[in-house]
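Shared between the two complexes below is chain A, which pairs with chain B and chain C, respectively.
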Partner chain A sequence: MVTPTTGRDLATVGGPGRGPLLEISHLSVRLRMRSGPITVVDDVSLEIGSGEILGLVGESGCGKSMTALAIMRLLPEAAEIAGGSVLLDGEDLVRTKPERMRQIRGAEVAMVFQEPMTSLDPAFTVGHQVVEAVRAHEKVSRAVSLRRAEESFERVGIPKPRERFDAYPHQLSGGLCQRVMLAMALVTSPRLLIADEPTTALDVTIQAQILELIKQLRTELNLSVLWISHDFGVVSEIADRVAVMYAGEIVEIGETSHMLGAPRHRYTRALIDSIPGRGEPRSLLRTIPGQVPDPGARPAGCRFSPRCDAPVSECELIHPELRAERDASSFRCHNPVA
Partner chain B sequence: MIRFVLSRGIRAALIFVVASVAVCYGLRVAPGSLADIVTNPLNRAFAVKDLEERLGLDEPVIVQYFVFVRNIMGGDFGVSFISNRSVTEIIATGGLNTLKLGGAAAILTYFISVPLGIMAAARRNSVIDQGSMLIAVLGMAIPNFFLAILLVRLFAVELRWLPAAGQGGIKHLILPAVVLAAEAIAINLRLVRASVLEQLSRDYIRTLRAKGASERRVVWIHAFRNALPPVITFGGVMLRTLLGYTLVVEVIFRYPGLGFELVDSVLKRDYAVAQALALVFIAGVVLFNFLADLGHHLAEPRIRERGAAG
Partner chain C sequence: MLVELRGLGKRFPVARDILRRPTRWLLAVDDVNLDVHRGETLGLIGESGCGKSTLARLILALVPSTSGSAVVDGIRFPGASREEMRRFRRRVQIIFQDPFGSLDPRMKVEEIITEGLSHERLRRAERRERAKRLLELVELPVTALGRYPHEFSGGQRQRISIARALAPRPILIVADEPVSALDVSVQGTILNLLVTLQRELSLTCIFISHDISVVRHVADRIAVMHLGQIVEIGDSAEILRRPLHPYTQALLSSVPRFNYAPLPPRGEART
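Up next, the complex of A and B:
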């Protein structure tokens, strides 16, 4: 029996608010392939409280982006939601009608992406694109939407907003484009922001600025954030709680500080150990040997077992269930780190 | 921008010089002469010589060329040796007719291929998509002179809905315009579809959907706007091709436009008319190429900027 992951006491973990804003239960996403369907997101359950930042970490291809796109119902054509539910304030996004979903996108759940330069329409000015986000949801005059866009630009720290309005994306730097993306996402005051590797394409100083900005906006707007990254280092700086994904499933979830200090799953520990600068000084960068198994050829037992540094006999045979701990964390391992 | 126009202008002038030589020389080295056609076969030898002297056709080609250039510079295109109409008048009336026919064909092309191409891309593999691709294949596979025969047979001979040939009102324009546009519709349809499809796979489309833009906005405004540059560039090629096809289509439908006049004057070795009309066609081609470049320039913000800077 799968314990419905994180448990009820999460709301308190998540900070102020009534209950979880977003409640994902047993979400599965399938990819239709010629050789048959492949499950890329496998029975994922997550909760995000209001004003909480949840980090979702994992290597490329572990299903974290697919999870995000499934929440938005923006999966690529070949992918489909195979089961589960995504409750936003009690409304199931998996079953909602397309037009209602369009209203939710942007207005209630906004998203920013990894590549800020290609994620903006090259043929329209950035001002136009932000104004368009307002007018997709509210019937307001051009002047009002312009003022809102200007406020949003100021909020994300774009100096001289009016002057930037008429710029095309290619005239701005990557960091500035990502701020425009954020301004566009926040202009409609959504309650949840999904950030899919928003700093990966940016250099480190810009990355730090964006992280600060997100934290600040969370406090100012009581924004909930799902922060997706392959970089545990980045996530540990921003997230209240972290969910670690491996080969399509959650392998560990818990409070960030707690997990950093005492990871239980061996994959989590390996990820934390590979954060540069955390090991002994001047030691070699730690890496995890091997690769994420192909979704079509996952091991029958624990999916991490072929790469694990301490497998026991069950690991190869029995797929471990997610075990809930008393402190509202849970993990999926036969031989956890003590 | 000024530099852009200027460089194209110089290039166009060069093309004109080369083309005028080719036209003038080419017509005269072709076997047969105006004199053979207009003179009485019984006392031909004397008459031909007399006529050639009068018209200056006995001069070396190079002398004739410079006479031609001097006259053109002075705005004098000459007179038809055969009908005695002034060439300027032939260009004006024929040009107006060709403009009507070509305009109708261009309007037909865009009004059919653009919306259909966008719909086909937005609903890939739907009935609309497959139907429009069938139209595209047929339009490209059937040669226009053959299509003309089929359509005349059906709509003029069998159904008697439309006139088979000649010039008149809108009714006379329909068949030639459809025949003239058929290939352009087919190619443009595929181009619009492919270009919109490519745009629909871009990252920014996902961003638009993520901010809640309606599907109609995503496809018809954003994807289409970004799909435009190749369509505009092809527009120049297309207009140029349409102009070329008027030579065939106007003759088939006996439609008195520039194409018809050019073919007629070449066959009759009516040098003054043929030379002038050939230059008009070349001017058309140069103009359409320029418009295509200009359109491409304006449609793409990045190129526009580079042009402004450089």
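Up next, the complex of A and C:
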């Protein structure tokens, strides 16, 4: 069966600290449809070390966000976890009680979404929202929670926090809103931060600041981060390791610098080649033909084979298994990049 | 010269006194002088709020300027006649950022694409023929004609937007962040399409983006905007290699440095 990450030297799992903080094993998520259930996350295994930043990369519709929502147990109504486990420091989040899960959300695992403007409540001041985040988890006085909120604002680099408390989300810029979201996520000192495309809507200069900030928080707080993005460029800046997802499954996982220099899976290679910004000015970009297949209509063999530039005869017939390499990376491909 | 801007400015009132007379102004576009040659693609880059979209609206004559003048395709603003405006609206088209918000969800693709042709009083068959050719141009299947926008992905919708913009055979296209709402893997296909179309149809293009790594693939020249002014302009390769203005340098340095390069032939050092 699939042995993507087991049996590895744990020392290679990310940065400082102990073994993995989060251990996802064989996680599957099903979507109930009128035509029958379809699997949107298919047997995904991942681990994130304490203080490690793991990038999760793939195109829209490949199951990245569903994986994140499954960890948080915030899946939409029509979706359900069909199997597998999500161990946070040994505690299985898939099987834990809803009350306990509510404590974990925010306090131990926090999430930041793509659209800061729509994730904040427009009807309340940002100060109120951050204070509420504190008081949802801890029985502390208003004064204490205010101070905590202020510290959190300072930590994410919002100048003059007290003055910003009275602002409504629409009065702040996109970058500032994203910082408020981060402040809110970090105010309860979670151990794991799940960031779902948090910089997509931002200018490049602001994006660079946020990336810098996350790296700094990782060092200061030993924060673990699951960084979800469709943009390999951004992930290359921030992640220690990268997992590439395609059509619901992990197709390659490994150390960032290693993967970028020598991707093995053809999809990883194609994703890297399609990033704008390299090559001569005015040169045509390499692109990936076609689209991610619908979860209900995936090819029988390798799911990427219809779009692959170097398919061999097995590809159409046999679904490739995730192969572990000696350097603790693994990939599923019949005809890997040499 | 297709576009000549001379001392062009636009200010918006941000505060008014009790008689509603403006007391404070925001200078969105400040004394811009800019020429765009026929057949070239000019990249306009800068951060949110730097005035690049306002400048685009001025060039498109969607908002009146508050100072200076613009000559676009031989028509002078301010002061264009009604007849000139009619011609201008056909000759200058825009592609917007949001492929979801910019297409009417209740119109079929055929209607969306050919709406701008109503003045030509075409027969139905002729219109359909034009629509088909436009779809071919943007590499969408002909079957798309009878479908609605929601049935398409972001990249496909952006192709529909491009077909719509090309329908009246414009000479100038202004593309305002046309790929920034798309997945990176889809951005490439749209950028390639824009470059190919621009060459084949010898269009003049103004390409607006906050992302220099996107602009470099399409632009012959790049203009960098900051606080309403153009702070640097020049040949794309030159600006990327040797940015002179400190702001341009800052913009360039915040792009994720992505140093992956295919391995060079053996015996050569890797750069």
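Convention: the second predicted complex is superposed on the first by the 325 of 338 C-alpha atoms of A that agree within 3 Å, B and C clash if a C-alpha of one lies under 4 Å from a C-alpha of the other, contacts with A are read in each partner's own complex, and residues count from 1 in each chain.
The working rule: a contact is a pair of C-beta atoms (placed from the backbone, for glycine too) under 8 Å apart; a residue touches a chain by one contact, two chains touch by 3 or more.
Just so it is clear, the structure is predicted and the values come from calculations on it, not from any experiment.
Visitor: For the three-chain model obtained by superposing on chain A, do chain B and chain C clash or fit?
Guide: These partners fit in the superposed model.
Visitor: Quick one: is A:Glu163 in contact with chain B, with chain C, with both, or with neither? Answer first, second, both or neither.
Guide: neither
Visitor: Is A:Glu138 touching the first partner chain B, the second partner chain C, both, or neither of them?
Guide: Neither: A:Glu138 stays clear of chain B and chain C.
Visitor: In the superposed arrangement, does chain B or chain C reach more residues of chain A?
Guide: Counting contacted residues of chain A, the larger count belongs to C.
Visitor: State whether A:Glu154 touches chain B only (first), chain C only (second), both chains, or neither.
Guide: It touches nothing on chain B or chain C.
Visitor: First (chain B), second (chain C), both or neither: which does A:Arg278 touch?
Guide: After superposition on chain A, A:Arg278 lies in contact with chain C alone.
Visitor: With both complexes superposed on chain A, which partner does A:Glu321 reach: first (chain B), second (chain C), both or neither?
Guide: In the superposition, A:Glu321 touches no partner, neither chain B nor chain C.
Visitor: For the superposed three-chain arrangement, provide the angle chain B-chain A-chain C between C-alpha centres, rounded in steps of 10 degrees.
Guide: Once the two structures are overlaid, it is 70 degrees.
Visitor: Is A:Met184 contacted by the first partner chain B, the second partner chain C, both or neither?
Guide: First partner only.
Visitor: On the A-aligned overlay, A:Glu91 touches which partner chain: chain B = first, chain C = second, or both, or neither?
Guide: neither
Visitor: Between chain B and chain C, what is the shortest CA distance in the superposition, whole Å?
Guide: Across the overlay, chain B reaches chain C at a minimum of 8 Å between C-alpha atoms.
Visitor: List the residues of chain A that touch chain B in one complex and chain C in the other.
Guide: none
Visitor: In the complex, go through chain A and note every residue touching chain B.
Guide: Result: residues 72, 74, 102-107, 110-111, 113, 115, 118-124, 132-133, 136-137, 168, 170-171, 181, 184-185, 188 of chain A touch chain B.
Visitor: Which of the residues in chain B end up touching chain A in this complex?
Guide: 202-204, 206-215, 217, 222, 225-226, 301-302, 305
Visitor: If we count contacts the way the header does, which residues on chain C are in touch with chain A in the complex?
Guide: So the residues of chain C in touch with chain A come to 47-49, 153-154, 183-189, 191-192, 195-196, 210-214, 216-220, 236-237, 240, 250-251, 253-261.
Visitor: For the complex, which residues does chain A have touching chain C?
Guide: 59-60, 173-174, 203-208, 211, 230-234, 236-237, 260-261, 270-272, 274-288, 291
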